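Next, two complexes with subunit A in common: one pairs it with subunit B, the other with subunit C.
Right, the complex of A and B next:
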């Protein structure tokens, strides 16, 4: 065991002396936090709208006003002809074109279906989708209003029209703030990115420099070597976790509702998977560059398929199956669950079980491979 | 077996050792012994099986066949024991560049289980020996190559191993540092440490007590430098001091009686059956070819001559 500590101490000494790596370790997570906290806003605001109002009526004015009142839209331009709408969307000034044909108000007044046209810029699918949904909501609401006004004016007391109206209450993250959703997830993401690469590079570095050769002719045992190499990174991982938690809770005011110790304990299970991946990458690489690239190629799909940014439910069925082997997938549910919902093992046991199985599996495979390829 | 471990005379016993990588036989049934306190030079071109042999003897590569023991421990079954009792230094400088001299010694000393007073003593010994006293806190990266080699040797013997393997320890080191390095090796051998050294430098090979030549996985010559010189050179060596050029080499190769000619430093060596008989004809041949300002004389064969000659036969 003393050899493990000796190795760990050496690793820390080397890391402290690495003037490029050290700042990266602690500044990179902060930058990522700020990026994801401020920049990645999944709710879209200030969507540019161009209105081509050929009707120039009270009704057309109401629709336009309702759009802007919701806070999501901003009318960039009002034009007469439809032709100008296309140009405005093509140049990217507006994401949505609202075209109100002549006779819009007349149709409403005469009790007919009044049509209007929405042109949505689909080149940015996320924004386009959201814009479309907001706009539909606004228009549907107006439509509802018109219907009820008419019913009122008809004094149709006898013919009661029933309708369903949803009352929405959002739990855990009432304002649907994306930062609340992002920050807990970032713990998983940042650990994945940094720890995998760090672990793989630390081992390959020894191979590259020839020091591994020196180590294996000493009486040091393989498990001592692996443990001694990994230990510092586990510690670093926890420092980063503390860092992200701190910035998340105190700076971004993300509520933390769960049990911190449960979270930390489950972080260990997660660390097994990512340190394992790092070891695996190191067995596949001869140079630090290769290790970095390999770790990257293992990480990229993992992050994509984890549900960190893109919801798993939206993925094609086949891809969804693949996500079952992505450890981050389970960790995200765990960390968001503990963070935002304050739930414990009773709700998370399935995720914890899967994560532990994966951790054990990945770690064993990588150790096995590491043992085999050790001396080459 | 137990007895052997205590008062063995042979530090290494190799018996029909074989190592295959797939269908390729890297080490092909080699046998040799290395005596205690001996500097044993292990020579051979790159890829001849030198490193594979060393790796097997150090207990980090399993043999495919045959057997060998180091310090009385079997390499196949007692590798862990071997690792505790040997030192190893490779051609690649394998200390940590980003640690100080002191930190490196602490680390390797600690790996071998040294601590406290004993560690301090051994560190002191190594620093003294390597001439690094007063530079303990320098980053290893800042040491010049010669110093690094000495520190590497020092760290390889920090646990006082009875047997040290050195795999091309002086590759890329300047001549003065090489000289100093070999002085250290002599001291160690005198103190009873067995040294197993591979090298490309023939002048270093001359320093060894005994030599083994390995070529294509087989030991093709074994003995003291003198034995090798007398046993493996048939005929004599003639040294031609001449403006060394391809033309000169061509001409000498075609001279009567010359079996083989090759560059040797600033001269050309020719292998002949008898120097007495063949020197004059070579001189005449060269003069006829229009060469001027050259001299031909018989010389003692060097190990390099032996080496070239061995390569020819193999």
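Right, the complex of A and C next:
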């Protein structure tokens, strides 16, 4: 065991030889946390609107006011003709154009259907789609208002009309704060990105420099070598977990409803899978450059296909099958469940089981390959 | 000037000597584009949900049918066991619709019937859409019930319903296909990460191996070294970019409405800039591990988060909005989406192109200056 510690000490010394390593290890997660915490708003705000109002009436003014009051839109320009709308959207100044034709108010007053036109810039589909939904919602609400005003005028007859009332309640994250969703996920993401890259390069470094031979001729056992190599990264990982948890809970005020010990225990299970992935990348590489690119190759799907940002439910069936071998997928459900829902093993056992199986599999394959390469 | 050619040649030999890394750099982007082009989308239309129908009448069944035929939900109908808490906890369903006993009876006597909807808010994106769709479906059902009940009383509403009818038109991407805006964005993201990460070890590797001394004693100037190192990578990266652009248009059918020439020209400038960042990192670090971690930090994260790739810049806090001006992917994204989807030319895109040129020139200068220090 003392040999393991010696090896781990050597690894740490080597790791910290570049003075930038230590700050990088701890600044990197903080920067990521802050970026994700503040940037990832799934709600789109300040959408630029250009209003072409040919009616210039009270009704057209109400619609424009309701758009701005909803908080999503900013009216950039008010113009007369429709022509200017096109130019404004083409240059990207405005995302949507609202065109209110002449006679808009007269149509409403006379009980007819008044038309108006929305032009949406679809080239940025996220903003475009949300802008369209918001705008249609605002207009529908105004429409509904007019209907109920009309119904009010014949109140006497409509006293007893059956209707259905939706009672909608949002659980776990009632304010729908994105940061509550992102921060727990970030624990998994940051660990995946940093630990796989570092582990994969650590072993190849010895091979590249020719010092692996020296290690082989020492009386060290193989399991000791592997353990000594990965031990520093496990420690680093736990410090980072503590850091993210601290900033998340105290700075971003993310509610932590579950059991912290359960979370830490499952973090260990997750760490084994990603350290295993790093080892696997290192057994497939001869140079650090290769190891880094291979780790990157394994990492991108881990981010994109884990459900961290892009929902798995919407992926095509074939790709959904691929996501089953992405360890982060299970860990995300676990960490979000413990954080936001406060659930325990009774709800998460399937995820835990899958994660453990996958971790064991990845770890044994990498050890097996490592042994083989070691023997060469 | 004459020194540039041998450096280029040496770098090419280096690259070609490691065919595996070359293969990874060439095919990784291809693979990523195809995979993510399919996988990533924001169209949420398979929300896992369950209807708990305790009423089991014609009316409750119609409402449940409205949910399953809406196309937004993957609905399970469960009439007996009220296990929605467990299902929400485990994340098996994201929306539970609960129709209470006596639902139909209330509608028959002209009362208000209530339907409870529970939404898992931990993923705000899903939750918002889930809330929106379920209230829409219930409201629509309700207005049908209302007009039927009014009709029974002999009242027919003749006035224009709805009073306001918005005609919505989407430009540039009429079906709001996610892939049309994801693919150009992916090209920008993938190219940025692959180039920066790939070149970031180019110099530091020589430092680790001690071959940098050879260069120091040679009469090569730092800017010659920068250009000589970058050109081979620009050529490789450009080939990749052409390849994935072709895949984007031919495979994913993303419309290419603008000038290909302008796209390629901006691409070369973009790549020269991102590669210079990588080289700057390489000059400033002492170990490949640090170089690789930092290049990840300055390439992938900003290009993913701060470029407007998925998260609209306008919704970010003002400080972060200012930082986005330092992210080259931000400008390139405007250019590539403009050319692909809007078909706009240099008359609209010149500010972004100018920004890219300034950025590239600045980064190259910074890399040469930093390199001069390392060489001294």
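Note that in this section the second predicted complex is superposed on the first by the 360 of 376 C-alpha atoms of A that agree within 3 Å, B and C clash if a C-alpha of one lies under 4 Å from a C-alpha of the other, contacts with A are read in each partner's own complex, and residues count from 1 in each chain.
To be clear about the criterion, contacts are C-beta pairs under 8 Å (C-beta built on N, C-alpha and C of every residue); 3 or more make two chains touch, one makes a residue touch a chain.
Computed from a predicted structure; not experimentally measured.
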item	value
Contacts of A:3 with subunit B and subunit C, given as first, second, both or neither	first
Subunit B or subunit C, by number of subunit A residues touched	C
Touching partner for A:211 - first (subunit B), second (subunit C), both, neither	first
Partner chain(s) touched by A:47 [first = subunit B, second = subunit C, both, neither]	second
Subunit B versus subunit C as contact partner of A:252, first or second or both or neither	neither
Which of subunit B and subunit C A:17 touches, first, second, both or neither	both
Contacts of A:220 with subunit B and subunit C, given as first, second, both or neither	first
Those residues of subunit A which subunit B touches in one complex and subunit C touches in the other	17-18, 209
Interfacial residue positions of subunit B with respect to subunit A in the complex	55, 58-61, 80, 83-84, 86, 88, 90, 92-99, 103, 107-108, 110-113, 165
Contacting residues of subunit C [partner subunit A, same complex]	18, 20-21, 24-25, 28, 32, 35-36, 38-48, 63, 74, 86, 88-91, 106-128, 131-132, 134-135, 138-139, 141-142, 145-146, 149-150, 153, 155, 157-174, 176-178, 180-181, 193, 197-198, 201, 205, 208, 285-290, 292-294, 296-297, 301, 305-306, 308, 310-312, 314-317, 320, 334, 337-338, 341-342, 344, 348
Subunit A residues within the subunit C interface of the complex	15, 17-21, 24-25, 28, 31-32, 35-36, 38-48, 63, 89-92, 107-108, 111-129, 132-133, 135-137, 139-140, 142-143, 146-147, 150, 154, 157-158, 160-178, 180-181, 193-194, 197-198, 201-202, 205, 209, 287-290, 292-294, 296-297, 300-301, 304-305, 309-311, 313-316, 318-319, 322, 333, 336-337, 340-341, 343, 347-348, 350
For the subunit A and subunit B complex, residues of the former touching the latter	2-3, 6, 10, 13-14, 17-18, 209-211, 213-220, 375
